[in-house]
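The following block contains the structure, expressed as structure tokens.
The first chain written gets the first letter, and so on, giving A, B, C, D, E and F; residue counts start at 1 in each chain.
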């Protein structure tokens, strides 16, 4: 079972790190600054980090970016968001984005299932 | 100044109602059910209505749907969200969606400006 | 009332022609060939023209291209498609494309309303 | 050869079912209602089911949703649509959606090839 | 005729400045940094500024962001790009993005027409 | 190591050819003409081929079409574009398209890494 997990979320995080290393090998200043900004915008402010992660999740979900969705689901889990909160956020994404987001919804809930059952 | 306001958010809400009446004149059951579902998904659940409205705002914003953004900004204002909370949500939308969302950001903050100054 | 019509569909068709003249002033061979291909692909084949126009309508609608939608609605009207057929096609577009297509749906049904009442 | 088939369309349908089971494990009322609406909108009405499936196909295709395209191709095959009809629908999708849909076109015609040769 | 021009490109630039002032009234650090990065990425590097502006033009064009397209056309004009160079870049955008970019193409070439005839 | 290469860019090019053969098996005249137009628009004109390939790269990148990006990276490499030129083009794509293009950026730079190290 641990192995199964390694095939999806854990493996995704490893691949992501390896690929980010390649990005940093080639990145000029604008790409580096964009990466830094992408971290900064999710930091606690007037909105708590957990709400910001839900916003990042839904923004990625409606644009059907599977990798972005997986990353934000991992962060939502770390921030202690409940299954019901994540499901409600994805339901908004589904109604806003329509049935073309259904395949992304399937993959998102499979990833969440591993995160909470893992 | 009241007149100026009528030219944007207030006028938008009036036009929206008129056009929705035309939609309902033609709508079969699936369109009617979709409208109802679109209301239902934003109701208070595990997440408060205010968070759901921010999610609807950002989901619309990254897809650059000006009318959807205006509508959700109006709802965010009604739910008592602060300027800082709305700005932080839009900043996430900007980083996720990139510079092609900048024109939508300009129009969103102009609409918000009227809502809070109105 | 004739005047009211002139403000939307009729006016749209005039503006479209004027702007297409500007496109042709500047267009090299690839743009000209694309325009020709865009006409050719909607010609009667195994599928009748009316079905092809519905396909063009829905393909444009889910991508929220108001001008494309107006154009195909005009063609659907010329091909004698019924209000119910057009409404069912748009309902599919709404479910596939989600609530961000609602503003496009409003404008589409307003344009159709003028076409059938005109 | 039967095995080869199992690797694509048949396998896709099995994976889809497994993932839909996970969706239903977590789905609240709005997601369940959306699924139901998504079935309802493709039922025979003024337009025959076969035309509705072509509309679903093209709407998914221009948004490059491979899983949606595969599903609708399977349905088009069940509804007895001919290769020429499906090809003409995809050609409209290609002209409307441009060369970024070419990879989706390749995968769609490979899936269709298996369906008709299977 | 000068007045006519004021109604499109010149007016667009004025409106843009006014709206950017509203953005800056509300912007927190991430939005400000994004604006700065958006300027920085178009500066001369291994690629000349003129090529970078064509890249910004086409990236905006395929996503049908009229305001972004107008802005980059203005910059292309300032950088001394020829009509033929701009037309060839837009032709690539048209083939990549498909017929749903045609309305954006019409508006782009109208704007260019004013810039070169102005 | 040569084998590793075969698993990505080289393999991609082989798969692409095989799938294009299936497309041509089914393609009617409009699809064939579109393919031909897609070749024609990238030919040397007022703009050199290398600039056109960068435009194709960025247009594909902002729409997150991985296969299109890989193809244009291969062509950029053949045209002798430098790593710095390609990186600057992708940086523009990242700022225009936002963080949802980051996964496409990772895959693009991994593909480029193989092309230049191969």
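We take it that contacts are C-beta pairs under 8 Å (C-beta built on N, C-alpha and C of every residue); 3 or more make two chains touch, one makes a residue touch a chain.
Just so we're clear, the structure is a prediction, and the values are computed from it rather than from any experiment.
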Given chain A and chain E, the chains that contact each of them: B, C, D, F
Residue-number overlap at the chain A/chain F interface, same or different (half cut): different
Chain whose Cα centroid lies at the greatest distance from that of chain A: C
Recurring contact interface, reference C-D, options E-F, B-D or A-E [over half identical by residue number]: E-F
Whole-Å gap between the CA centroids of chain B and chain E: 26
Chain centre separation in whole Å, for chain C relative to chain A (CA means): 37
Multi-partner residues of chain D (at least 2 other chains): 28, 30, 34, 37-38, 41, 45, 59-60, 62-63, 68, 84, 87-88, 91, 94-97, 99-100
Chain contact topology (line, ring, star, complete or other): complete
Parts of chain D lying in touch with chain C, wherever the complex brings them together: 37-38, 41-42, 45-47, 51-52, 54-56, 58-63, 68, 82, 84-85, 87-89, 91-93, 95-97
Chain E residues within the chain A interface of the complex: 28-30, 33-34, 37, 40-41, 45
Of all residues in chain D, those that touch chain E in their complex: 62, 94-101
Residue numbers on chain A that touch chain F, as the complex places them: 16, 19-20, 22-23, 25-28, 30-31, 34, 38, 59-60, 63, 65-68
In the complex, chain C residues that touch chain B: 64, 83-84, 87-88, 90-91, 94-95, 99-100, 102-103, 105-107, 109-110, 112-113
